[in-house]
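Next come two complexes, and both contain chain A; in the first it sits with chain B, in the second with chain C.
What follows is the complex of A and B.
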C-alpha cells in the first residue's frame, strides 16, 4: 500500500513539474514578442520611463496612427514597404514552388548520371550566406540595372529558396507510389495529366509546407535586401525597420508598431498550416 | 529539321539550374576572381589589378580575422548544442500535452516568424542597460541596483547574443524533433516497456536513436543559417564593444562596405564559406549514418 501511495505522489509531482516546466518555457518564448506588442500601444514617454512603469497607464494607437498616416518622425512610408514585401514574397514563393516542383519531380522520378552530385551541388548553394552574396550581386545587378527593383529581389529570393523547396518536394514525391501515376497513364492520361490529377494532389501538403518556409524566408530576409534596395521603389519591411533609427536615437514605439505589422501575416499563415508543416517536415525532409 | 532533344529530367531541372547559376554561381565566380585583386569599391579600375594570393596571405596573418573565426565557431558550437537540448526538452514536453496542443505548437513556432533583424532590435531593447526589460526587472525585484551593461561589456554582450540566437532558433529544433516524436513507431516503445525498461531507459535507447536523424537535419539546416547570426549581431552590437563580438560575417561586411576593400573581404568570405560547407557536409554525413542505422534508406 505504501509503495502504491508513494507511486501516486511521484506521478503527481512529475505532472506538476511537467506543467511548470512547460509554463516557464512558453513564457520565455512568448514574452519577448508580447513585450514588443505591448510597447507598440504605449506612449514613448512610458516606454522610456525611469523608474519603469510596469502597469500601463494609458494604451493608445498613436504609433499606428503615426505609422499609417506617414507623419511624425521621418514619415516612414510603411504601407509602401508592406506592399513591396507582399509583392516580392508572394511572387518569389510561387516561382520557387514551381521551379522546386519541377526539380523535385525530376529527382524523385528519373534516374540519371551524376544525380547525387547535382543534388549536393544544389544544396551547397545554400551554404553561401546572404552577406557574402550581396557583395558580388550588388556589382552585377548594378551593371544589369536591376538594383532597387522588385524584379531583382524576386530573382534573388527565388534562388535563395529553390534548394530547400526542391529538397522538401523531392521527399514528398517519393512518398507517392510510382504505380499511382502509372495506373493513370494506362487509363489514358498523358504524363502531364497524371502529374496534375494524381501526383500533385497527394503531395499537396508537402508543397504547402515548402511554400510556408519560402514565404517566411523572403518575408524576413534582411542582409541581401539591405544592399539590393535603395528607395521606396523596392524597400521591404525588414529594411524599413531601420528607418526608425537615426544616428543616436531609436523610435522604439514606432518600430514596435511596424514589427507587429510584420508578424501578423506570418502568424496567421503559420497557424493555418502548422499541421501540414509538421507532416511536411517528417516526410519531406527526413525520410526523403 | 532535327531538334536538339534534351532528356526530360534535364528540362525539369533546367529552371533551377539557370536561376542558381545566375544568382549564386556567377557572383561567386566574380567574387573568387576579385579576391585575387586589390579591388576597392570606390575605385572601379582596381578590379583589374591582379595581386595573386596577397589577400589570402594577409587574412592568414590577420589576428582580427582569426579571432572572428574562432568566435564564430564558438558561437555555433554553444548555440547549436544548447538549442538541441532545449529543443528536445520542449518537444518532449509539448508531445506529452493532451489538450490544446495545436495552440502550443503555434506558440512554440512564434520566434521562427520573427525576422532576424527584428530579433536583433528586440533584444537590443530588452538588454538595454538603461531602460531594458531585463535590467528593469532585476532592479524592481531588488536583485541588483546597478545597471548591468549587457551589451557594453564584452563577455556579457557575447552572452546576450547567444541568448538571442537561442531564442530564435530553438523552435527549429523543437519542431523537427516533435515531427520525429509523432513519427515514432509505437511497437519498439511498447516492447521496451514490456521488457521492464524504466522510462529513462526506453527514452535513451529506443526513442533517442530514432530521433537522431531529425536532430541532424535540424543541425544541418541551422549550420547553414549562420548568416542569421550576422543580422542579429549587426543590429545588437555591430561587432562591438572593441570587436569583442565580431563574427566572420560582420567583419567581412564591414571590410567590404565601410572600408570598401572588396577584394580583401571576398578573400575572407571564401574562407568563411569553406567553413560553413565543412559543417554542412559533416552533419549530412552524420544524418546518412543515422538513417542507415535505422534502415530508413538514404
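What follows is the complex of A and C.
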C-alpha cells in the first residue's frame, strides 16, 4: 500500500511538472502576441513606460482610428495593403498547391530518370536563405519590369513555396496505398477520375495543411517583399508596418494595431482548417 | 461471365523477365487458384489479367476479346486486394456503390444492387460505417461486396485472406467457396498457401520463378505431381524425398536399404533417382496403413514424435535423411526406438535426381 501511495504522489508531481512546463512554453509563445494586442489598444505613453505597465489603465481604439484616418494624421492605406496581401498570398498559395500536387504525386507514384537528384535539388533550394536571393531577384525583376507588381511577388512566393509543398504533398500521397487508385480504376474510373475521386479526397487533409503553411509563409514574408515592392501598387501588410517608422520616431501603437489586423486572418484561417491540419499531421489515422 | 485465356504471356521489367510465356485456359465459371512461393510471379500475372500491369508479350483474352491494351475499366473484371483497398473516405454503402455510380447508373438501381450485395455478405448493419470502424473480417467482406456488386465477368483475388487470423481465414474461405457456388462467376485466385489452394480450387496452377510447373485438379496435383517441387509444395507435411540409385531393379539408398520401384514408374539401371513417399503412406507395422496392392517394409529409428490428437507424426532417420511418418493408433514412442515401417508402394513416386521430373511410364 505504501508503494501505491508513493506511486500516486509521484504521478501527481509529474503531472504538475508537466502542466507547469506546458504553461511556461505556452507563455513564451503567446506573450509577444498578447503584448502586441495589448499595445494596440493603449496610449503610447503607457507602451513606452519604464518599468513596463502590465495591467493597462485605459484601453482605447485611438491607434486604429488613426491608422484608418487621413494620411496627415498617421493614417496608412491599410485596406490596400490588406488587399495586396490577400491577392498575393491566395494566388501564390493556390499555384504552389497545384504545382505541389502535380509534383508531389509524380514523386510519390512514378519512377523516372533523375528523380532522386531532382528531389535533392528541390530541397537544396530551401537551404539558400531567401534574403541572399533578394539582390539577384531585384535585378532580374527590375529588368523584366515586374518590380512593384502583384505578379512579381506572386512569382517569388510560388518559387519559395513549391519545394515545400512538393515535399509535403509527396509525403501525404506516399501514405495513400497505391491499391486505392487501382481499385478505383477497376471500379471503372479513368486514371484522372481515380485521382480526383479517391486519392485526392484521401490526401485532402495533408494538402490542406500544405496550403496553410504556404499561405502563412506568403502572408508573413517581409524580407523579399520589402525589396520587391515600392508603393500601394503591391506593398503587403508586413512591408506596410514600416510606414509607422519615420526618421526620428517609431509609432509602436500604430504598428501593433496593423500587426493585429495581420494576425486575425491568419488565425481565422488556421482555425477554419485546424481539423484538417490536425488530421493531416496525424495522417496515419486515415488508412483504410 | 467469361472464359480467360493466357497465351504465351510474358512480363519483363527491362531485361528482367519475371513471367516467362505462360499458357493458361480458364473455363467459364471455373475457380482457378494460382499458387506458389512468394516472388514467383502470381500477383504479376493476376495484375496483368486485371490490366494494372502492362503485358510485355503474348495474348490475353477475356470472353472472346483480346484485352491486352484495354484499361482495367474496360475489362469488366473486379478485384479483391490483399489490403482490401477500401476507400477510407466513403461509407460501406458508398464503397459498395462506387463502381455503379461511376458507371452513372440510376440511384434506385444502385441502392438495390448495394442492398442485395450487403444481404449476401451480411453487411447490412454496417452500411453507414466507414472502413476505419470495421474489423479485419468485416473489411474483407466489404471488399468482396464491392467486387460482386456489379456482376463482373471475372473475379480476381490477390491473397485476400492473408491479413486475417487463422480462425477467420478458415471461415472466410468457406464464404468465398459458397459465393462462387452461388454466383458461378469465373474466379482467378492467388495465394501462397497450398491449403487454401487445395480447398478452394477447381483447378490449381502451381508456379515457380515465373513459370507454370503443373496445372490440375487438387487431387491430380496431389496424387501425380510432375516433379519434386510440386511434390513438396502440395500437401502437408511435405513429401519425404530419399536420394538413391537404381540397382538390380530396385532403388538403393545410400546406406544400402533397398526399396522396390513404385508401380507405374521406371528408370534405367544405375540412374540417380529420388524416391518420394508422403507421411500418410508410411506407418509403423500394425498401424492401420490402408493396404494397397504393393507394399514394402523398412526399419527406421524414431527421433521425435509429435502427437496431434487423432494421429501422431513420427520423425525417423533413413539413410541419413529425416523421414516423417504417421501413426494412427497413438501410443508413446520412446526416443531411439527402432520400428518396422510399412510403405504403400502404389502411392509412392520416383523422380529424376537431377531434374526432379517424375519418372512415370
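In the analysis below, the second predicted complex is superposed on the first by the 258 of 288 C-alpha atoms of A that agree within 3 Å, B and C clash if a C-alpha of one lies under 4 Å from a C-alpha of the other, contacts with A are read in each partner's own complex, and residues count from 1 in each chain.
What we mean here is this: a contact is a pair of C-beta atoms (placed from the backbone, for glycine too) under 8 Å apart; a residue touches a chain by one contact, two chains touch by 3 or more.
None of the values given here were measured: they were computed from a predicted structure.
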item	value
When chain B and chain C are modelled together on chain A, clash or fit	fit
Chain B versus chain C as contact partner of A:29, first or second or both or neither	first
Which of chain B and chain C A:274 touches, first, second, both or neither	first
Partner chain(s) touched by A:262 [first = chain B, second = chain C, both, neither]	first
First (chain B), second (chain C), both or neither touched by A:171	neither
Cα-centre angle that chain B and chain C span when viewed from chain A, reported as a multiple of 10 degrees	90
Comparison of chain B and chain C by chain A residues contacted	B
Partner chain in contact with A:253 - chain B first, chain C second, else both or neither	neither
Partner chain(s) touched by A:240 [first = chain B, second = chain C, both, neither]	neither
Which superposed partner A:206 touches (first chain B, second chain C, both, neither)	neither
Distance in angstrom between the closest Cα atoms of chain C and chain B, superposition on A	16
Common interface positions of chain A, toward chain B and toward chain C	285-287
Residue numbers on chain A that touch chain B, as the complex places them	18, 21-22, 25-26, 28-30, 32-33, 35-36, 47-52, 54, 98-100, 102-103, 105-107, 109-110, 112, 118, 122-133, 135-137, 139-140, 155-156, 158-160, 162-163, 166, 216, 219-223, 227, 237-238, 241-242, 252, 255, 259, 262-263, 266-267, 270-271, 274-275, 277-279, 281-282, 285-287
Of all residues in chain A, those that touch chain C in their complex	177, 179-180, 182-191, 193, 197-198, 201-202, 285-288
Touch list for chain C against partner chain A, complex	50-52, 71-73, 77-79, 81, 83-89, 98-99, 102-103, 131-132, 139, 146, 150
Parts of chain B lying in touch with chain A, wherever the complex brings them together	7-10, 12-13, 15-16, 19-20, 22-28, 30-31, 34, 86, 89-90, 93-94, 96-97, 102, 104-118, 121-123, 125-126, 130-131, 133, 136, 139-140, 167, 170-171, 175-176, 178-180, 182-183, 213-214, 217, 224, 226-227, 230-231, 249, 252-253, 256-257, 262, 265-266, 269, 272-273, 276-277, 280, 284, 296
